[in-house]
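Each chain carries a letter (A, B, C, D and E) given by its place in the written order, and its residues are counted from 1.
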Amino acid sequence: MNNENGTLFAPSSGRTKEREKRRSPWWEVWRRLRRNKAAVAGMSVVILLVVVAVLAPVLAPYDPNQTNIKMRLQGPSSEHPLGTDNFGRDMLSRIIYGSRISLYVGFVAVGIGAVFGGILGAIGGYYGGRLDNFIMRCMDVLLAIPQIILAIAIVGALGTSLLNLMIAVGISQLPRYARVVRASALTVRGQEYVEAARAVGASDARIILENILPNCMAPIIVQSTLGVAQAILSAAALSFLGLGIQPPTAEWGSMLSSGRQFLRNAPYLTFFPGLAISVVVLALNIFGDGLRDSLDPKLRQ
Amino acid sequence: MLRYFLKRLMFLIPVLLGVSVVIFSIVHLAPGDPAEVMLGPSATQEEITNLREQLGLTKPLYVQYGIFLTNALKGDLGRSIKSNAPVVDEIMERFPATLTLAVLGMIFAIAIGLPLGILAALKQNTWVDALCSFFALVGFSIPNFWVGLMLMLLLSIYIPILPSSGFDSWKNFIMPTIVLGIQTMAVIARMTRSSMLEVIRQDYVRTARAKGISDRLVLTRHILGNVLIPVVTIAGIYFGHQLGGVVITETIFSIPGLGRLIVDAIRAQDYPVVQGGVLFFALCVGIVNLLVDLLYAVLDPRIKAQYRAAK
Amino acid sequence: MNKFRTAAVALVLVMAFCLPAMAAELRLAQVADVSSLDPHKVSDIYSANVIRQIYSNLVQVNENMEIVPDLAEKWENPDDLTWIFHLRKGVKFHNGEPFTAAAVKYSIERIKDPKTASPGATHLKEVASVEAVDDYTVKIVTKRPFAPMLMSLTRYETSILNEKAVTAAGADYGSKAAVGTGPFMFESWSRGDKVVLVKNPDYFRGPAAIDTVVYRGIPEDATRLVELESGGIDLIPGNFPYQEFANIEKNDKYLTYKVPAMSTLYMGLNTEVKPLGDKLVRQAMNYAVDKQAIVDAVYFGFAAPSKGPLSPVIWGFDPARKAAYPYNPDKARELLKQAGYADGFDMTIFSDNRTERRSAAELIQAYLAEVGIRAQIELMEWSALLSTSAKGIGGAFMLGWTGTGDADGGLTPVYHSANIGSSNRFRRKNEALDALLEKGTATLDQEARKKVYAEAQELIVEDCPLVFMISQELLGASTSKVKGFKLYPNMISPLYSVTLAE
Amino acid sequence: MNGPLLEVADLNVIYKTYEGTVAAVNGVEFSLEAGRTLGLVGESGAGKTTTALSIMGLVPSPPGIITSGSVNFAGKNLLSLSEKEMKKIRGNHISMIFQDPMTSLNPVVTVGVQISEALVAHQNLSEAEAEKKAMEMLEKVQIPGQRYREYPHEFSGGMRQRVVIAMALACNPGLIIADEPTTALDVTIQAQVLELMRSLKEEFSTAMIMITHDLGVVGEVCDHVAVMYAGRIVETGSLEQIFGNARHPYTLGLFRCIPDIEEETSKIRPIEGLMPDPLDLPSGCPFHPRCPQCMDLCRTVVPGVLDDGGHRVMCHLYGKGGAVHG
Amino acid sequence: MADLIKVENLVKYFPVAAGNVHAVDDVSFAIKEGETLGLVGESGCGKSTTGRLLIRLIEATSGRILYRGRDIASADKKTLHDMRKEMQIIFQDPFSSLDPRKSIGETIGKPLEIFGMGSKREREEMVDALMEKVGLSPRLFYKYPHELDGGRRQRVGIARALSLSPSFIVCDEPVSALDVSIQAQILNLLQELQETMKLTYLFVSHDLSVVKHISNRIAVMYLGKIVESSPSLELFSNTLHPYSQALLAAVPIPKLDRKRERFILSGGVPSPINPPSGCRFHTRCPWKMDICSREEPPLTDRGGGHFVACHKVK
């Protein structure tokens, strides 16, 4: 037998060797992403939105919840660029504050969906067999119920609140993360480097954590970006149906919903919140598309 | 092959069972009580208790579920608490509107989405592609309820040429079809484009081109046949999605469909209607998936062979 | 032969021209489709409207909410417990069956039968027995002197049904069949969409002027309005969007209707929740909210601040009453200080998602904030709100009350301590009030009753287990060709006298 | 016909990518007589496939651009033909066999249709006639004609490659370009397919360009050999000239890399170093960084071509060097 | 030299919908310490499965694997873990065998980390030494696989396998995905390492010339069975089994004037799900006799350690 403990490879003379700079695969992704003009534009809008959400108190010209009956239903003017609603609240301020809720809902709902869906998918994909089968059948059940109806039922059961809305949207998105992660876990599991890791004695937990999950990240990230967009849409749809956001919180979907009764006299009450949702979702989708292209190993060659 | 489909049909059973358990638990978990809704705010405790008993709501939940399940197996989904009409009748009376909408939406989505995707892929990296792709992306991103309201504003209020509610004439269907189909249209266009681009790169397309056959033949025979498979998959998935989307469309355009029935029932805690309606939706989704599988067999001989081989 | 042919052609032509004019069709849009046409099984106003056209009652209310004869031509009280009704003769059900006292007995007993589980049973809970003295005389005996009896019998829930029709249809009664003695007969119901009624040529007051009535359910305010404008419907009998009313009033293409409603909107307070048990706090809250602002903002002026627990159109309303608790934030702050809440407190307002209630809650929240009360709004499904508030909700709740049209129906269920746990959602026991309410029910002398109720109203305003809000107005509109439509305060307007002009 | 069937001169192809410009083919020149077989040998990335696609007019564009050169086939410069005219050549006068028989057949179209469509397109045959001819072609590649209506998935790998061969031969083209036709196959199947190709080539007297990385395959089927390295043909000549008297250090290196199965003990001597980065080709002779006989001259000057009785070498060792040929 | 590894009646079936895939069906062989056994055959013959079974990357259906006399086919988890230090594997595909999200240094150092050898710093230095050993510049420590060409990646794979200084390495087609010039470099490297580190190889390949070049003994597999096995040179000078002969004849040789008989098999390899009865090769065998489809020929010694499983060979 050879020398024990790998002493054959005695440490080479000191750390004199110069190494080339570390450039992680993410750097590569970023480089490709940067070249995609549309993706950069989408990302900029998303970043802008985050900035707006964070700086809402600074940016908003008025208190979003300050009612002023005398000033209600004023069309866009220099004083109120986007007009006022039926309580005389400034629409611009409400839309600015609304970005907070939309982003919050989007990210938390996706967080819920991605974490639980991802765990279920990774377990199913790595271990396979009956466990996988059971998990996937459960996902089938969730998929068989139209998303929005499932979400309505969940909100109905848990009660109307922002948190419950996020849970409902998260749960209804869960299957897609489970499926995406499972699919890539299945692919990764079959890769020789996973076999190699087992050959050098890595445990299941180590393989899942160090090999499977990092290599599933690309689809998870892409799916999550697009998922945030979808979650914002779903949450807005639920708010539109009158579920989820407590008044007087400024939220785009519920603003749109309550503006609807003034569709004839004050269409700007529905127009602007809808436009805001569209722009954000569009930006996220464009960014997600760009990210997908940058992460796609097929385009890497 | 028939056996394969019968088997697939059997696989629907556990899914439907799962759906019934999930939805039964969710609706019964909700606070509130259909008896109270029916009797209104003036009801006395006694009246509520009496009605609850009449409705069988005083029994333990598992017993209620058992009763529901045994009856459901006999094709009896119970009677609506609100209207006392058989749930099956309620569903069947509203299903045609929903089905019409969903099918029209799908036809719209395919009729617009498919050519759009093909065009974009054929003109890859030109302004035509950019325009088509952007159009699809916008269709994918704008909230459909907003589209509905804006269409209504434009076509019923500003230029009043289309009715804003009801479903009596073909005119009634134009706006709802667009609202319902727009997202699917976008998805199909995107899927068609990416699938086209993938197929175009395939060796067999290069082989076909190396044979010197016409571009039209390459497109129709060698590309489209293979493009359609993922497109059919996504269309199938979105058909189910559209069934959910009808909730919004039906609300905006006051169309008496299944989506609104279920949502109203959820809100009124009309348990039998919720359960029956959701189960029916799940069944539709299952059947559509099955049809998609059948379509695969038509489109792809490999899959057909698999079905044949499956026991 | 030739002549005959000419005549036939002429006839066809005349018919062709006349047909559209002859088949006068009235199309109405309500907020929702009906849920059932079995009067004993429903409790929603939209079904009630259709039921009102199909069925008759022993007695009815007119547009001033006064009791008038319907199937009963006259009635008397031989003693405090007995009601004798003399019925109209020669009345036929839509299925051809004659209307007799047996039908009355059957209908009342069906409502009272626990197996029916009728939401309307509450109105007849004091009835001890019904007896058909002869074919055209009915005797009803109550358990105790029950003054609101007549008002109860005007309710759509106590419509008179035909036993044969009910038995024949079985479980499908109300969805596939509905047989009454009213001016219109049930023709068809496409679920979720519309109900079609046709005129009853044998109606005992003579056939109605319009041939067909189509009730549609259009939940969206905007859509309903667009439909009226585009000619899709002729009439919106109530629930006209407030924000649009001023515009349409100006437009002479439309007729508008406006009456004070029987219903009131209030914010109930669970008096078991701290500090809402403190009367000073409750009064402070009443002073803190500017009700006129809610009238303006939410109802666009089509409402009035409440003068007490009853709407002015309810029988028994004390006309001497002034607005309860006019807006006075200083007084509110003072009262709060007095109660030991100078720094205010935190509370929750529960509401369902109906626009008016939610909007009112938002404004209330803003006004309460001005006196230091930090209220949070929590939206719930209607069913959850009903259920939770009956069991004792954790704060205030937005609710409306319509009652029966009689002061008893407007007060007893909501304020009598016997109803704590169900319809007394304030969970407030006031023995003096209980006594007054009981007395009001038992006093058959109407003038004496009014005094009792005036006292009760004062007591409630003073004790205020709720924040009084507004009494709203009912708004409706139609195209100008609709003639003779009257909007009733109870929102159940008969269409018998409506005609359609060319 | 006079002169060679195919004459490629000064062919240059680049690919424009985000990373930069890849010089895939650099001044390739060769010719091929009717009925003869040329082996185009080289390692991956040498530009073999791009050369083939250039002849077919199928260089994917974007990103590929043919910057200069001519491809004379039967007297016509293919590079100057319109797409429409090119379509008449493709599959009719020149056809191509791709590497992977698993992916070069359309999975949803029957093999019969895939064979007959070229016949319908080029030979004015009716569907029925084309079907009959296609069945004959199947028989020719030793597949029963009645399997005409089957789909590719019903055939094994070796059979699929035979279908592809039938497809390529259907119109009896003057030239077949076979791009690594047996690389994806097992050795015993490879032997079958090579044998089949050899006999069919005789029967149809078709010229062929055999693209391969396997010198053994070249030895089995080719008359002429061209060795490619980094987009250039570094050595070309008859089979005897190359196998018997290889001169370019790269060609020599290639032979030394392969373990000799017929010798008792074999020594292999690898070519040191790596293939050059196509984005950044070395100056001078592209092989110089790996060349054991590298001279100063090699580092700066692209060697010219020395022609010795048809045996052409592009190396400074054999010429005065300096001038780029042509 | 003693047998380092000895395999007895190794069987591996993969259950699929249509039955069992007979991937490896009753295979026995032994490898002497410091030697190389070449396992050759066409795709799907079970050679790679055999390699993986040997180091228990997949579990055998039945059979014994003796490593230095110890049965490791049934070793428990702990023993298995320790065994990893002794037995390693080099994979075929230099693309999929390296985790794209890990730098070269991490990949090579991972086994050391798992077995807790040295401090982080020491491990890094060991990795540097390993990299030099396999001809990689330690400058590449932080490079990621996608930045390297196939040959270098394969060197990374080799370095990873060597990091625990094993005695036995399964080389699963280590050069078949490489260009010829690189292939030669790797083959030489493997031989060099074998000499300096006294390694024992199981060399799995479909390429007869490569196998011949590197192996001491060669076993030819067909449809999950070893049909012939003999010392390397003997196999080429005295090929006995008809399949081996066909395989040998099929190899194209880059030489002029070769004198070889044409021997081309007809048809393809039958399905391993329901392999042919008797001798599995009988469906393609030019010498087929009646007995061949009925009885399975045993693998018997024809002298000098030359085993063959054929009814015809006497």
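The rule is simple: a residue touches a chain if its C-beta (ideal position, glycine included) is under 8 Å from a C-beta of that chain, and two chains touch if they have at least 3 such contacts.
For each chain, UniProt lists the protein as follows: B = Glutathione transport system permease protein GsiC.
Just so you know, these numbers come straight off a predicted model, no measurement behind them.
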Fewest hops from chain C to chain D - one hop per pair of touching chains: 2
Number of steps on the shortest touching-chain route linking chain A and chain C: 1
Chain labels contacting chain B and also chain C: A
Most remote chain, CA-based centroid, reference being chain E: C
Of B-D and D-E, pair with higher C-beta contact tally: D-E
Interchain centroid distance [CA atoms averaged], chain B/chain E, Å: 53
Distance between chain centroids, defined by C-alpha means - chain C, chain E (Å): 87
Chain centre separation in whole Å, for chain B relative to chain A (CA means): 24
Centre distance in Å when chain A and chain E are each reduced to the mean of their C-alpha atoms: 46
Sites on chain E at which at least two other chains make contact: none
Contacts with 2+ other chains: residues of chain D: none
Where chain A touches two or more other chains, by residue: 156, 159, 260, 263-264
Complex contacts: residues of chain B adjacent to chain A: 14-16, 18-19, 22-23, 26-27, 29-31, 137-138, 140-146, 149-150, 152-153, 157, 240-241, 243-245, 247-248, 251, 259, 262-263, 266-267, 274, 278, 281-282, 285-286
Chain E residues touching chain A - in the complex, by the definition given at the top: 52, 55, 57, 81, 84-86, 88-89, 91-93, 96-101, 103, 107, 110-112, 114-115, 117-118, 122, 124-126, 128-130, 132-133, 138-144, 146-147, 157, 160-161, 163-167, 197-198
In the complex with chain D, residue positions of chain E that touch it: 42-43, 149, 151-152, 179-185, 187-188, 206, 208-210, 212-214, 233, 236, 246-256, 258, 262, 264-266, 268-269
Chain B-touching residues of chain A, taken from the complex the two chains share: 137-138, 140-149, 152-154, 156-159, 229, 233, 236-237, 240-241, 253, 256, 260, 263-264, 267, 270-271, 274, 277-278, 281-282, 284-286, 289
Interface residues, chain C side, partner chain B - complex: 33, 35-36, 38, 41, 43, 114-115, 117, 119, 121-122, 171-172, 174-175, 190-193, 216-220, 222-224, 226-227, 229-230, 232, 380-388, 390, 399, 401, 403, 409, 413-414, 419, 421-423, 425
